[in-house]
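Reviewing the structure listed below.
Letters A, B and C mark the chains in the order given here, with residues in each chain numbered from 1 onward.
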Amino acid sequence: MNVNAPIAPAEIQGAVAAEVERQLQAFRAEMEGKLALVRERTVDDAATIIVFSGDLDKVLAGFVLATGAAAAGLETSMFFTFWGLAALKKKGALGGPKNVMERMFAVMTPSSSESLGTSKMNYFGMGAVMLRKMMKDKQIATLEELMALAKDLDVKMIACTMSMDAMGVSKEELLDDLTYGGVATYMADAVRSRVTLFI
Amino acid sequence: MNVNAPIAPAEIQGAVAAEVERQLQAFRAEMEGKLALVRERTVDDAATIIVFSGDLDKVLAGFVLATGAAAAGLETSMFFTFWGLAALKKKGALGGPKNVMERMFAVMTPSSSESLGTSKMNYFGMGAVMLRKMMKDKQIATLEELMALAKDLDVKMIACTMSMDAMGVSKEELLDDLTYGGVATYMADAVRSRVTLFI
Amino acid sequence: MNVNAPIAPAEIQGAVAAEVERQLQAFRAEMEGKLALVRERTVDDAATIIVFSGDLDKVLAGFVLATGAAAAGLETSMFFTFWGLAALKKKGALGGPKNVMERMFAVMTPSSSESLGTSKMNYFGMGAVMLRKMMKDKQIATLEELMALAKDLDVKMIACTMSMDAMGVSKEELLDDLTYGGVATYMADAVRSRVTLFI
């Protein structure tokens, strides 16, 4: 339509302008309501990685992906649960008193990220030694370097409190600056994430 | 523009209002079309978990996550495939006649959720016994309690028909109230999910 | 308001048309800006599968899911990393010179998709033989058939260059028509995907 159409008398112009604005206001409110409903169905630039495994190769993959996600601009969180909790253990920390079952679990699970084994070809630790040596030879970041990088990139690390409880692991045994939470904490991050992985 | 501008004669007001509305109709249709296109790119409040593993610890994690998702208000479905199918086996059910291969598989895979082993430290079943005992001591829900909870929370459990066919497992051997389907059934749920996990 | 209301006089028609168009221009720009912001928070019809495992059963699951996603109309990519890289090895290819560590890894990892073992019940390869035989008896597609199908369905297969570097695997040892990239390449696909899985 031609915007240079012949002009109507001034009083009509005013009435038209006011009516258009009035109807647009209602329409705007309606559209913004509809837009808000669609927006609720969208996601944030976020990624959420569950680290269930305590295998060195899998934990490494978790941190490679988490730092990669954070480097790509995603708000990234990692949820360490079950065997994955071992990756968050502070080296040499003793923790509180444990019952028999808890002591058995403590003996049978890795004491820190430095003693994780691999998921394949572990051969009493040989797999982990080889993997670490090959990565060093190739100047690929170690797990501990990746963990430091993740911290620098503000990756949120959540220790699963249910797993801590089940295995008798206390906060004193775990790294500093962790977030603590259960599946509800994980889910709150996951529902608004573009990438959700279980490792 | 001032919406309190002097009012034009009533008949002009009506004509203007009608004409504005008429012209806005095309615009509304255009905006709603664009909004619909964006909406197609969004997701439902849904979560979809593939349970590929038949390890007790992993199946447990699957049900903890599924019930957590359902409790968070997500429409949740679990797709049990490959070894994960064992978690759906009815205790003591015999099923139909099997060929030699199928009998070998039946002997080598767990006969129900109560005989699943753990992915780590299984030591001929010791790991599963310990894990179950520790969870009981800590009053954490057992797998069977979590499965009942999942049912109460309307978690949809899909038995993978391709895996049933490959392993010679019949519906009679599986729990009641399951949904049956293949990868297309899974994918239909997954594409509209906020959380997609492979366990 | 009744859109079939009597038509306004021509001068009002013209004035309304011009005023609607004038006010709509600003409004349209504003709404399209808001719509674009919401659109940025949406996803494409895409799926992204990380194949970390080199176990036959898990690689099979990866290809069943990838071809299922592609058949459902999703743009699908698979990222082969760590042990998963073995699934992309060309049968009988020798590759370049390797150092001692690389030779040890080459000996200890499968030489092509045809020599992958299973994650459970492998019994020195028996599990893989049984799984392959049962799938053949049931006329379920073999891994190699699924890989050919994935190629036909334009599934993008990405070989992880960091894993190739770490394990001393050269392009000559891998299948033709692969895409090469690292975690950033994966992440670019994953952030716009409806389905993200780690296998």
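Some observations on this one:
Quick note on the criterion: contacts are C-beta pairs under 8 Å (C-beta built on N, C-alpha and C of every residue); 3 or more make two chains touch, one makes a residue touch a chain.
Computed from a predicted model, the values in this text were never measured in an experiment.
These two copies of the sequence, chain B and chain C, are related by a rotation of 120 degrees on CA atoms, to the nearest 5. Of all residue numbers seen at the chain A-chain C contact, under half occur in both copies; the interface is built from largely non-matching residues. Centre-to-centre spacing of chain A and chain C amounts to 20 Å, using the average Cα coordinate of each chain.
Among the residues of chain C, those in touch with two or more other chains are 12, 16-17, 20, 24, 31, 35, 38, 42-43, 196-198.
Residues 11-12, 14-24, 27, 31, 34-35, 38, 41-43, 50, 52, 54, 81-83, 99, 101-102, 104-105, 108-109, 162, 165-168, 182-184, 186-188, 190-193, 196-198 of chain C are the ones touching chain A in the complex.
If you check the complex, the residues on chain A that touch chain C are 1-3, 5-9, 12-13, 16-17, 19-21, 24, 28, 31-32, 35, 38-39, 42-45, 47, 57-58, 61, 64-65, 68-69, 71-72, 74, 119-121, 130, 133-135, 137-138, 140, 194-199.
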